[in-house]
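Structures for review follow.
In what follows, chain A forms one complex with chain B and a second complex with chain C.
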Partner chain A sequence: MSYLVRRLVRGILLLAGVSVLCFLFTEMAPGSFFDEMRVNPQISPETIAGLRAQHGLDQPLVVRYGRWVKSALHADLGYSIAYNTPVAPLLWSRAKNTLLLTLTAMVLTWGISLPLGLWAAAKRGGVLDRAITVISSLLIAVPEIVIALALLATAARWRLTPVGGMVSSNFEELSGWEQFRDVVAHLTLPVVILVLCESAVIVRHVRASVLEVLGASYVQTARGLGISRGRLLFRHVLPVAANPAISLFGFSLAGLISGSMLVEVICGWPGLGPLVLDATFSRDLYVVIGGIMFSALFMLGGNMVADIMLMVSDPRIRTGAADAG
Partner chain B sequence: MQVRVRCKMSGKITWLIILLVGLHLLLLLAGFVAPYDPAAQNRELPYAPPTRLHLWDSSRFHLRPFVYPWSPVDDGYREDRSQAYPVHAFVRGDSYRFLGLFESNLHLFGVENPGKCLLLGADAFGRDEFSRVLYGGQISVAAGIVATAVTLFVGSVIGVVAGYYGGWIDETLMGTTELFLSLPWLYFLLGVRAFLPLHVSAVRTFFLLTCVIGLIGWARPARLVRGVVLSSRTRNYVSAARGFGGADFYLLRRHIAPETFGVLLTQAAMLVPRYIAAEVALSFFGLGVNEPTASWGNMLSALQQYSVLISYGWLLAPAAALFVTSVIYYLLADALHSRLESR
Partner chain C sequence: MVSNFPTRPMSPEPESQNAFLRVSGLAKRYVRGGLWRERVVEAVRGVDFEIAAGRTLALVGESGSGKSTVARCVALLEKSDAGQIWIGDTDIASLSLSALLPWRTQVQMVFQDAVTSMNPRFTAAEAVEEPLLIMGKDEALRRETVRSSVNEVGLSVDGIERSVMQFSGGQRQRLAIARALTVRPKLLVLDEALTGLDLSTQGQIANLLLDLQAAHSLTYLLISHDPAVVGRMADVIAVMAGGRIVEMGSTAEMMTAPKHEETIRLLRSARAAQTNLAAITGASL
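== the complex of A and B ==
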C-alpha cells in the first residue's frame, strides 16, 4: 500500500513541477491575448490596461501562479480569455473526445500487440516472426505525420471512412443506434492511425521480454519436465514477461497522447489537440497550460493504473522486496 | 566469427553513411539540382500535375527526354502536343547563391522557356514542387540536425555532471529528467511554442524552433550518458589517473567523455529524424517556419484541406521525402546500436 501512496505523492509532485515549468515559460512570452487589440485604433490603451488588470496579467509571476493554483484547487484551472469561461469545463468537454479516441486506440493496440508479440516469440525465426520484425521496424522508422497523411489520403480518396469531424452533419436526426454507428465510422480512421503507430513498439518489447523469459533456466526445466507448450507459455512465461510490458504501458501513454494530438488535428477530431492549437494562436495562455496539465494528468492516471497492475502481477512489489529506490 | 559479424556490420554502416551523405549533398546543393527558384510562381499553372517525361513522339524515338507544356482545360490540364521541349543538362535559369557563397544560375537540368519541367507537379501558386522539396528539405533537415546538437550538448553535460558527481546533484537532475520524460512531448512543445513570439523573421523562427525542440528532448540522452559515466567512473584506469593527480575536468575530458561517444552517436542517428518530424509537425500546424520560405511542414499544411489532399496527390511529395530520410536514419541508428551491443 505504501508503494501506491509513494507513487501518488510522486505524481502530484510531478504535476506541480509541470505547472511551475509552464508558468516559467509564460514569463518568456513577449505577447499576450490583447496584443491584437492594440492594433485597433478604436480601443484605447487604457481599456487594454484595464482588461489586463481585470485578468490579472499585470501582476508578477508569483502572484499569478498563486492565483492559478487557487483556481486549480477549485477545479477551474484559470480563466480563458477567448472563450470567457473557466478553463477546466471547456477542456473537459473536449477531453472526453480525446479520451474516447485514446482509450479505444489503447485497448486495440494492446489487444493486437500482446498476442502478436507472444506469437512471434513462441515461433521465433518463423515467417510470421520475420514479417512482424520487418513491418514493425518500418512503422517505427516512419514518422507519425507521414503515416497519418498517407492513411488519410487513402481513406479520403477511396471513401473508405468518413473524413473529418466526429459526427456527420445530420447526426441529430439519426436514431440512437445509427448515431453510435456514425461515431464509430468517424472514429475508425484516427484509431487505425494511432494503433499502427503505437503497436509497432509494443509488439517488439513484448516479443523481446517473452524471449528473455523463454531462455530462463526455470523455463528450460519446466520444458524438460514435459509441460505442454500452451501451459508453459501462459502459466510460466506470460506472468513474468508481463512485468516489463506493464511498465511499458505507462511509458507508451506519453507517445499515445502526443500522437493523438497530431491525429486529432490532421483528422479534424474535436479533442484537446485542436483546442490547444487554437489557444496557441490566440495566446490564450491558461487554455494552453490547462491542456498541458490535462495531458499530464492523463499520463499520470495511466501510470497509476500501470502501478496497480504491477502490484497485482508482481509479488515482489507487493512485499516491497524489489523496492530499493 | 565475431570479427566477421563486425566487418559485415561496418560494411552496412559505411553504405548507409554514403547514402546519407548523398542525401544531404542533394539538399545542400538544392540551388543547383532544383530547376527553379522555390518562390517563383506560375499563376497560370495552379496545381499542375507532374510533367511527364517522354521518349517517343508521334513519329520516332528520342534519346533525349522531352516534355510537353500543360495547357489548362475545364477540368484540369491537357498536354499541348504542338510544341516539345527537350530536357537539357546544365542549363542557365533562375539565379541562386551556390552554397550561400557566390551567385550562379547554372542548373543540373531544365527545359527552355516557356516550357516548364515540373517533375513533382506544382502547388496552389504554380510553384515547382520538386524545387520546393529540395529547398524545404534544407530547412527541415537542418532544423533536425541543429536541434539534435542542442539536445546532445545539453543532455551530455547534464548526464556527465549527474553521473560524475553523484549525490544530491544526481538525484535532483534525474528527478528533472523524469519530469521531462513523463510529459507528452507534443503538447509540451506546443505549449512552449505558445509562449514564444508568433510572427518573427524566418531565421529567428528557425533558431527558436530548433532550441525549443532540442531543449525538450535532453532527458533521454542525459540518462544514457549518466549510465555510461557511472560505469566508467569506477574503472581502474580512471582511478589510476585520479591517483596520479588528474583533476576532475581532465579525467572527464580525457578518460570519461570518449566512452560516451558511441551512445551519443547512436542517439544522434535516432534523434535527427525524430526532430525533423517535430519541425514538420510544428510547421504543419502553422507554428514553425512561415511562408514564403519552404519547409516540408508548411508545404504539407496545404493538405489540411481534404479537397486538396484528394485531388492533388503529388503534394504529398514532402511526406515521401521525410519517409526516405527517416528510414535511412533509422537503419543507421539500428546498425550503430547493434554494433554498440556486440562490443
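== the complex of A and C ==
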C-alpha cells in the first residue's frame, strides 16, 4: 500500500510543479487578453484597467497563483475571461469528448500493438516482422500532422468517414442506435490517426521486450526441456515482458493525449484541443493553464493505473524485492 | 612451448566404445534477414568429437568460432543442419520433436549469465523445480528433489523461498546447477558457466562441478575461453576456429605442446592477460 501512497504523493507534487511552471511561462508570454481592446478607441484605458483589476490580473504573480490554488481547491481552476465562466466546468464538458477519443484510441492501440509485437518477436526475421519494421519506421519518421492531413484528405476525397465534428447535424432526430453509429462514424478518422501514430512505437517496444525475454537463459533452459509454446508464453515470457509494456502504457496515455490535441484541431473534434488552442490565441490564460492541468491529470491517472497494474502483476514490486540485487 | 596453467591429472584413457556422446560432421548455418537481402553465416562447418562417459571435453576458441553453437546443438536448443549427435546408439539430431522428449532430460545446459539464467519473477525454489513441473512430476517428488539438489550444490534450503534476485551471482550459478541436476542428466553442457565470476567463486564452482562429476559420473562439455579453467577441469581440449575444430588432444598435450597456430595464439593471449592481471594486482598492493 505504501508504494501506491508514495506514487500518489509524488503525483500531487508533480501537479503542483506543473501549475507553478504554467504560471511562470504564461507570465513570460507576451500580450494579454485585453491587448486587442487597447487599440479600440471606444474603450478607455480606465475601463481596461478596471477589467484587469476585476480578473485580478493587476496583482503580483504570487498573489494570482495563490488565488488560483484557492480556486482549484474549490474545483473551479480560475475564471475564463472569454467565456465568462469558471474554467473547470468549461473544460470538463470538452474533456469528456477528449477522454472518449483518447480511451477508444488507447484500447485499440494496445489491442492491435500487443499481439502484433508478440507475433513479430515470435517470428523474428519473417515476412510479418520485416513488414512491421518497415511500416513502423515510416510511421515514426513521418510527422503526425502529415499523417493526419493525408488521412483527412483521403477520407474527404473518397467519403470514407464523416469529416469534422462529433455528430451529424440531424443527430437529435436519430434513434438511439443510429446516434451511437453516428458518433462511431465521426470517431473513426481521429481514432485511426491516433492508433497509427501511437501503435508504431508500441509495437516496436513490445517486440523488443519480448525478444529480450526470449533470449534469456531461463527461457532457453525451459525450451531445452520441451516446454509447450503456450506454457512458455504465459509462464515465462509474458509476465516478465509485461513490466516494460505496462510502464509504457502510462506514457502512451500521455502521448495519446498530446496527440489527440493536434488531431482534434485537424479533425474538428470538440475536445480540449480546439478549446485550448483558441484560449492560447486569445490569451485566456486560466483556460490554457486549466487545459494543461487536465492533460497532466490524465497522464498521472494513466501512470497510476500502470503502477497499480505493475503492483498486481509483479510480486517483487509488492514486496520491494525488485531493487534487491 | 610449456604452459603455466595447471592441468587436470591424467585419468586412464577411455575406450572408444565407452563414448557417451559422439558428434560427427555437425554443421549449422544461420540466415540473417536484412530488409532486402539475406546473409548466410556458416557458424559450424563439420565438427567431430566424442566424450567418454564421466569425462570432460573443453571446446575453446575465440568469440565467433562456433563453440557456443555446437553447445546449443548438443543441448538440443538448436536443430543442426547436418551431421549426427549420438548418445549411445541413438542419433538424437535425427529425432522428431516428440521422439526427442525423453532425451531432453539427459542433456542439460548451464549458461554463463547468472542474472538472466533465472526467471526474475521466481523464488529460488520455483526456479529449481521448474524442469520437474514441465515434466509433470507430482508435488511431493518435486519438493524432495528440489531440497536434495539445493543441498547438493552447497546452498541452504532455508532461503529457497526468497526471490532469485536476492541471490548473489555465485549463488545463482549454484541454483542453475541445482536446477540442471533435478532431472538427473548424464551430460552437462557448461557454456562459459564459470565466466564472469570472481576468482574465489570461480574456484568454488569448479570444485563443486568436479565433485558432482565424481559423485554422479556426469559427462561435461565445457565451453570456455579461459585456459586456467579448462586446464583444471578438462580431460580433452578441442580448439575451434572458423566453425571447425583445428586441434584436439589431451589437456596435458595441448597445454605443453600445442601445434596449431590458433592454439598457440589462444595460450599466448591468456598468458599475457594473466601477466597483466598480476602486474595490476602487484601495483595495487
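Criterion: the second predicted complex is superposed on the first by the 321 of 325 C-alpha atoms of A that agree within 3 Å, B and C clash if a C-alpha of one lies under 4 Å from a C-alpha of the other, contacts with A are read in each partner's own complex, and residues count from 1 in each chain.
The rule is short, and it goes like this: a residue touches a chain if its C-beta (ideal position, glycine included) is under 8 Å from a C-beta of that chain, and two chains touch if they have at least 3 such contacts.
Computed from a predicted model, the values in this text were never measured in an experiment.
Aligning the two structures on chain A places chain B and chain C next to each other without any clash.
Applying the stated contact rule after C-alpha superposition, one finds that A:Ser217 touches chain C and leaves chain B untouched. Once the two complexes are overlaid on the shared chain, A:Leu297 sits clear of chain B and of chain C alike. Judged by the touch definition given at the top, the superposed model places A:Leu51 against neither chain B nor chain C.
In the superposed model, A:Arg130 makes contact with chain C only, not with chain B. Contacts of A:Leu174 after superposition: neither chain B nor chain C is touched.
After overlaying the two complexes on the shared chain, residue contacts for A:Val163 are found with chain B alone; chain C is out of touch. Taking chain A as the reference chain, the count of touched residues is higher for B when chain B and chain C are set side by side. When the two complexes are laid on top of each other via chain A, the two nearest Cα atoms from chain B and chain C are 9 angstrom apart. Residues 176, 178-179, 181-188, 190-198, 273-274, 276-277, 280-281, 284-287, 300, 303-304, 306, 309-310, 313, 316, 319, 322-323, 326-327, 329-331, 334 of chain B are the ones touching chain A in the complex. Of all residues in chain A, those touching chain C in their complex are 125-126, 129-130, 133-134, 216-218, 220-227, 231, 236, 239-240, 314-316, 319, 321-322, 324-325.
Interface of chain C with chain A (complex): residues 31-33, 35, 72, 75-77, 97, 100-101, 104-105, 107-109, 111-113, 116-121, 127, 130-131, 134-135, 162-163, 165-166, 176, 179, 183.
Of all residues in chain A, those touching chain B in their complex are 14, 17-18, 21-22, 25-26, 28-31, 137-138, 140-146, 149-150, 152-153, 156-157, 163-164, 253-255, 257-259, 261-262, 265-266, 276-277, 279-281, 283, 285, 288-289, 291-292, 295-296, 298-300, 303.
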